[in-house]
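Residue numbering begins at 1 within each chain, and the chains themselves are lettered A, B, C and D in the order written.
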Amino acid sequence: MKSIGHWINGQHVSTDGRDQDVFNPALGEVIRRVQLADRKTVEDAISAAQQAFESWKRTPPSKRARVMFQFKQLVEINQDKLARLIGEEHGKTVSDAKGEIQRGLENIEYACGVADALKGEYSKNVGPDIDSWSDFQPLGVVAGITPFNFPVMVPMWMFPLAIACGNTFVLKPSERDPSSTLFLADLLSQSGLPEGVFNIVNGDKEAVDTLLEDKRVKAVSFVGSTAIAESIYRKASDNGKRCQALGGAKNHAIVMPDADLDSTVNQLLGAAFGSAGERCMALSVVVAIGDKTADALIDRLKTEMAKLKVGSCLDSENDFGPLVTKQHQDKVCNYIASAQLQGAEIVVDGRDIAVPGYESGYFVGGTLIDKVTSEMTSYQEEIFGPVLQVMRVDSMQQAMQLINDHEYGNGTCIFTRDGEAARYFADNIEVGMVGINVPLPVPVSYHSFGGWKRSLFGDLSAYGPDGVRFYTRRKTVTQRWFSAGVREGTQFAFPS
Amino acid sequence: MKSIGHWINGQHVSTDGRDQDVFNPALGEVIRRVQLADRKTVEDAISAAQQAFESWKRTPPSKRARVMFQFKQLVEINQDKLARLIGEEHGKTVSDAKGEIQRGLENIEYACGVADALKGEYSKNVGPDIDSWSDFQPLGVVAGITPFNFPVMVPMWMFPLAIACGNTFVLKPSERDPSSTLFLADLLSQSGLPEGVFNIVNGDKEAVDTLLEDKRVKAVSFVGSTAIAESIYRKASDNGKRCQALGGAKNHAIVMPDADLDSTVNQLLGAAFGSAGERCMALSVVVAIGDKTADALIDRLKTEMAKLKVGSCLDSENDFGPLVTKQHQDKVCNYIASAQLQGAEIVVDGRDIAVPGYESGYFVGGTLIDKVTSEMTSYQEEIFGPVLQVMRVDSMQQAMQLINDHEYGNGTCIFTRDGEAARYFADNIEVGMVGINVPLPVPVSYHSFGGWKRSLFGDLSAYGPDGVRFYTRRKTVTQRWFSAGVREGTQFAFPS
Amino acid sequence: MKSIGHWINGQHVSTDGRDQDVFNPALGEVIRRVQLADRKTVEDAISAAQQAFESWKRTPPSKRARVMFQFKQLVEINQDKLARLIGEEHGKTVSDAKGEIQRGLENIEYACGVADALKGEYSKNVGPDIDSWSDFQPLGVVAGITPFNFPVMVPMWMFPLAIACGNTFVLKPSERDPSSTLFLADLLSQSGLPEGVFNIVNGDKEAVDTLLEDKRVKAVSFVGSTAIAESIYRKASDNGKRCQALGGAKNHAIVMPDADLDSTVNQLLGAAFGSAGERCMALSVVVAIGDKTADALIDRLKTEMAKLKVGSCLDSENDFGPLVTKQHQDKVCNYIASAQLQGAEIVVDGRDIAVPGYESGYFVGGTLIDKVTSEMTSYQEEIFGPVLQVMRVDSMQQAMQLINDHEYGNGTCIFTRDGEAARYFADNIEVGMVGINVPLPVPVSYHSFGGWKRSLFGDLSAYGPDGVRFYTRRKTVTQRWFSAGVREGTQFAFPS
Amino acid sequence: MKSIGHWINGQHVSTDGRDQDVFNPALGEVIRRVQLADRKTVEDAISAAQQAFESWKRTPPSKRARVMFQFKQLVEINQDKLARLIGEEHGKTVSDAKGEIQRGLENIEYACGVADALKGEYSKNVGPDIDSWSDFQPLGVVAGITPFNFPVMVPMWMFPLAIACGNTFVLKPSERDPSSTLFLADLLSQSGLPEGVFNIVNGDKEAVDTLLEDKRVKAVSFVGSTAIAESIYRKASDNGKRCQALGGAKNHAIVMPDADLDSTVNQLLGAAFGSAGERCMALSVVVAIGDKTADALIDRLKTEMAKLKVGSCLDSENDFGPLVTKQHQDKVCNYIASAQLQGAEIVVDGRDIAVPGYESGYFVGGTLIDKVTSEMTSYQEEIFGPVLQVMRVDSMQQAMQLINDHEYGNGTCIFTRDGEAARYFADNIEVGMVGINVPLPVPVSYHSFGGWKRSLFGDLSAYGPDGVRFYTRRKTVTQRWFSAGVREGTQFAFPS
């Protein structure tokens, strides 16, 4: 069985220490092993990155960008292979995986414009004959720690921009689905990236701790659950590192009585069940204004959900695949059970789904729960599965109160035709990414991604303009020249 | 004796708990008492700020800016009074205090342009008929904790911009010189600022801890020593607050053999001894390239330092005043003694200065120490007094290594005529604020202030564009409208 | 009778050549005379401006801004006097005049932030060790030629920003109402503006031609009718000057069937009749979608228009005042007559209005015309009077076609509740300034003002960010330093 | 013999009207014919562009950018072929042609970031609950008219950005070397650009006049001689089109006594003789400060110029090739003769150069003229040939006066080590593009290209940020929503 190692200083590196199973979740079978880096291996990666930094930071930004132009092209050429690697280990459908790759490509595209994004501000005559300007310099070695649910896209939120800004990078991807991520290292190398600028260590807590403790690592970008995000943010901050740590979510959609229900239902299906709901931007709660709206909505959702197809990533007919692990499958089913127990109504139950040929796969079917209330566990916690919960309230104000009271503040959406309602919602909702008739309001790559409240720890959002700011530090230069005899004088005033 | 209280919700508030002496350091006498806020008082201030927030954040930015236009005018009108209050409690000369006020005014001026600075980015068609834009919203209640050495300017780095961005503010100024800061509250009130938007609590650790622990405080700006900055940054971060904490410094100037020595010496005197060296941007170390340069420099410095006048803040002939406390005076003298003990040469000794009529004042005269090395305590630590130390090295590269190896990275400067040397220095020095023939390279208010390494904890610099980013959080809205019958149809398609 | 002269090089200047009557249009009486500058006088003003330029451009932007801070304050203090001067010569009510002054003040506020607005872009390492940055330098002497309808606001669109950018200015205001404009020169002088930086010449075609022909004038800003705007743009362009020339308008509002009619009617009244319709942003055409909407709208307009009060500027009860001249009064009445003749229906007729005590004033009352079509003269041309015309169409698409076919493209507005309709309108309408439920969508001072089609000749809009770009020229510097022995070597490598 | 036609609506189009010879200037032989478009053909191209506009402008910017990503790749793959086509018809060496292509590629790279560059500014609460934002919309059909000297690069200054901004394009390239330009149309088509978005018409004055007169053409970008630039700017402006017209140049380098002469001479050779001096940024005048500097400089130049190799574009040993036509060769020789006649000293004479095997080619060898003065014709006019003229002055101030007095203001450079001299020069020189030790200070693609004085007619520079502004028009939207019952009410308030 293939054993997956690391990528350090432009080379595949194997370690013979601890390792761990990698599953195909549709089959429920181990298909590979992944090595878990010890402290020494992580330090080797950091050393490689540290060594590469001096020369890479001096490379003109436009030249660094050209590596990204090349990388974009290679990712495009290899996207089928990448998508299959994602599907095999994560379980999401290949077409969904291609969507993920496309989003990642957009971040590479943004990184291609880094020379423009790095421009500082220049002021002449801040005082008489005194000029001042700002320069945004790379930090040094920066680390990324990324989750299983987007093994290609989330790393691409980080490393293309970090590298284009002149940093060198150590990535610790999820140990659940490491193959697609590792393949990126090959493509980067083929794109002409110098050795040591990008490194991957597979691993677990030991690897993470090493990254958080090594003084040479200047910044850490993390995406994962809130509990870990918070702990990583604290540890990184305590160790004097810059950190942005993105955590969990509970994304609500308000459906107003004037919403276009056909479009709304269509949008909700993809947003709730795509990728089996294993997305930090998944839309997991619908708040319907008025019972009439709720009834009509549930009616249509039921009809449409009957058509959902669940199964292997390879069958392009499927809407979504299995959950990532057996444990996670159990956890999601328990949430459904708890909702029922606490008084909610299971309208569509995905717990007993049978997928012929994939009987050992970790599948949960699309699930719709009505009459959910804010006291229920299934509402308070992030389920991260194909479960859509419906709440019923009487007014938009009540719906907004629910959202503002929730501990998470990643994404949210309103479905309405009304300009005033949309504007009021966008202005007053305590959530970082807001959709108006857009159920997954993930900002495009030239804007920045960031939740509020306990969905993001840190001052700056991820990727886009904030990403540039995160991966650089400001230097301000103030310059005056003492008048020499040079200008007025003749040549004799000069040293000869 | 006057007892100084707090400013909460638009009113002077007195508490009868703990209090503390306020000295006139030139006389060495207690002139006032300052009350130390307990937890309850600080919470009252936070409550006032919290209550004022909803309405203040909805006030259009241009209207908020108009309060700042008014405030600027009132500070200008009252600058003599302000400067005397500073001088009396801090000890710096009135003309130096006016310089401080002027720098503060520039920050108010920048805050007057907040409507422009708050602009988000708007993208049409991020997808077909989908638009996206960013909006920078205020955080809520934010706190400032400020040091004794700039009782007016450092608070003005914070609150004008924070408030103009739509936040409400609780300031805990230094308990050493509270009067000038408190006077600002009166001026803000006269400028039309609504009650509760700006509040001051005088206090000590209890007040600081309350600010760091109260969940309603969303961000903390701090300026002070590195030890406290680090501890405040950790505590604020652990409590989920945004924080920028500015700490200590050891600012070096490199003097190259081609420097214009007359101008250089002239610049160094002000930069080293102004405000008795009690500035985080004070230039405290000169690194001379070559003995010839060093000898010539010391020669001229000695001559010029003989003319320095030290005394009361009220005498406009004086160059600088006393140190802020007896303890600090002793500490500075001990540093001088330690340098001597560790092998440095005291060229000009300010320890035994006599200031007629101010015999009990905490004066230390301008001190020049030659042949300082990097092992000496006086080099490794921040002295914060009128002490200029000279180091001798053979090359620019050695000088830069010294600077890059020091734990602080606030400001630095090079004196040269050579374009290449200046560019190399600015590019490669590991310091956040760089001067080229500018000994105190404090960025102007429309740029941002921030050191590197252990001089600043946090991702963003203070004031200017980074200040706006610090005092706001990004919200990204993505909007699509489902096509209605409205456009194509006749009026009959509409609800009537 | 007082004779109004010029302001050149910091002094009031009188000329004894040609002059002209200045009327009080409410009384229909001559109240002053205004001198008309000959070529020589204009050249004197240009010379003064030229001479002042060298020193003014070198004044740091923040210092130039401080003159604007001061000027803002003086305009605020003197706004009652200014408003009365406007009302007396122009006829608009004092409260309307104060609105104009307020808009002008906002442009001064923007100019106060010029140091930030002038920032260039700085790029390190555009090539190996090569840096590049842009610097926006003032042009030199620039001229403004402004219309009678906003004697304070339109000049303030121009000179505060032009001056703050480092240019010097020659203003030729309207000869109909010169007093308020001239008063600004006094206030600028009191604000500390150096002599010669700002100059005013009153005059007519001779003055204009001189400004357009003199080589020392580098740019011309014009606001007036389209015919003159076009001719000035051509002449200025032919003479190698930068020019922006703002012309006429025909601003339509679409009223959709779902609009909130109460609010809509309320908005329309002010937008159509305020300042007697003598505004380039006046809303002069309403396009109602469907007869039902049209009927309801006209019904309410009729009711509300009965309450309009017309008369002297001094009576604060009045909604608007007289037209500016007898000739203009006749012209407006002729447009009303022509509409009637060409088949429109005069719903409310303002032609025979009687204003007791002001029988010789040039008054026209609020006029409402229904069933206007695109062939009518009153539709094709700009009326510039208190006349609101209603057109009836069946669909939003037809309404948009009307607007897109019109030669002007200054402002437009839609009244609707529907998000999709609003977005479609804003995106596809061929007009530069678009309101959504905002009938006078004049951009605020930190955005820029500019119509499309024959409403603006030139590449850049007026004031705001485009204004800064218009009043400066880009210089790009690219810098490399040859490596000297300085850095590596010892001090002996240096000239001594 | 091959006859070169046009590219209209995605197809090669041939016309049988007038045509003209295309030469290989190294051989002095006709190698192809180029068809000259008549009015009808140009109008067909405009129609194609007009028709393609509606759908292209609606294509999201990121999708438009993706065509540019693809185009970049195809240009890179085909650069050898492109370079040979340039060399064959223009005469420049293949390696020089590749440099031109590289510069063009950088403009494509900038166009790849158009989604970011098109961002408007968004302001919430410009008034209570009123928002405002700017949107930069494409103009429609825009035209480019480009010169022979950069048949690939100069068109690429224009069309990639214009197209990426959503415009459609008609290019009229130089009729001297049309083949490389036409090849770009093929590559664009292969990149997925929709038909009609990019069109090429070969032609002469008739084609130009048609472009300048057709109302559907909204903007014209021109690069060529000053006389034609001025006439095109006037005509375009008169016809209501936006125009930027770049004209001639006379680029001076000041060599200061402290300059590093080896580096300077090395830089000067390429800048003066590269591409046979047929560049608007060619460095054609050296102003030496002091005779000592001049003598040393000329000495070294003479030595180095002896090594220059002139000949066919295909031989990679050659430094430069022939001039573009026989007429131009004569003109350049006449300038040399006139200098001699007017008292200058011909140090190196390139008039009688013999290139074995290319006896009929239009060669002029590298020529160095000393003691040139400002009265000479060869100084006042642009030579556009491999001729470097040296002037001798006593001070930097005199040198700057010369430059500031010249009618052109495209590029300039100073060679010095002195920071103060460089800063003074950059600040005060009346030239748009300034080099400090950089002899060809062409701004990189993410800055903008623009001369001053009679080197550029128009308000905005070419390419980069100014290019985006030139190829778009600003629309400002101001939006308010009337409060509906929607938010507060229950669902019953809604239309059902």
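We take it that a residue touches a chain if its C-beta (ideal position, glycine included) is under 8 Å from a C-beta of that chain, and two chains touch if they have at least 3 such contacts.
A quick map from chain label to UniProt name: A, B, C, D = methylmalonate-semialdehyde dehydrogenase (CoA acylating).
Note that this is a predicted model, so its numbers are computed, not measured.
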Check: Which chain's C-alpha centroid is most distant from that of chain D?
Finding: B
Note to self: Between A-C and A-D, which chain pair is linked by the larger number of C-beta contacts?
What the structure shows: A-D
Item checked: Gap in Å, rounded to a whole number, between the CA centres of chain B and chain A -> 36
Notebook entry, point to check: Cα centroid separation between chain A and chain C, in whole Å?
Noted result: 48
Check: How many angstrom lie between the CA centroids of chain A and chain D, rounded to a whole number?
Finding: 42
Notebook entry, point to check: Which parts of chain B, given as residue numbers and ranges, touch two or more other chains?
Noted result: 62, 115, 119, 121, 123-124, 126-127, 134-135, 416-420, 422, 427, 436, 444, 446, 479, 481-482, 484, 495
Checklist line | In the complex with chain B, residue positions of chain D that touch it | finding: 58-62, 115, 118-128, 133-135, 416-420, 422, 436, 495
Next item on the list: Name, in rising order, each residue of chain C that touches chain B in their complex.
Entry: 62, 65, 69, 72-73, 106, 109-110, 112-113, 115-117, 119, 124, 129, 131, 256-258, 289-293, 394-397, 416, 418-421, 423-424, 427, 444, 446, 479, 481-484, 486-492, 494-496
Checklist line | Touching residues (chain side chain B, partner chain A) in the complex | finding: 121, 123, 126-127, 130, 132, 134-135, 233-234, 237-238, 240, 242, 260, 263, 417, 422, 426-427, 431-438, 441-444, 446-450, 452, 454, 457-461, 465-466, 469-470, 473-482, 484
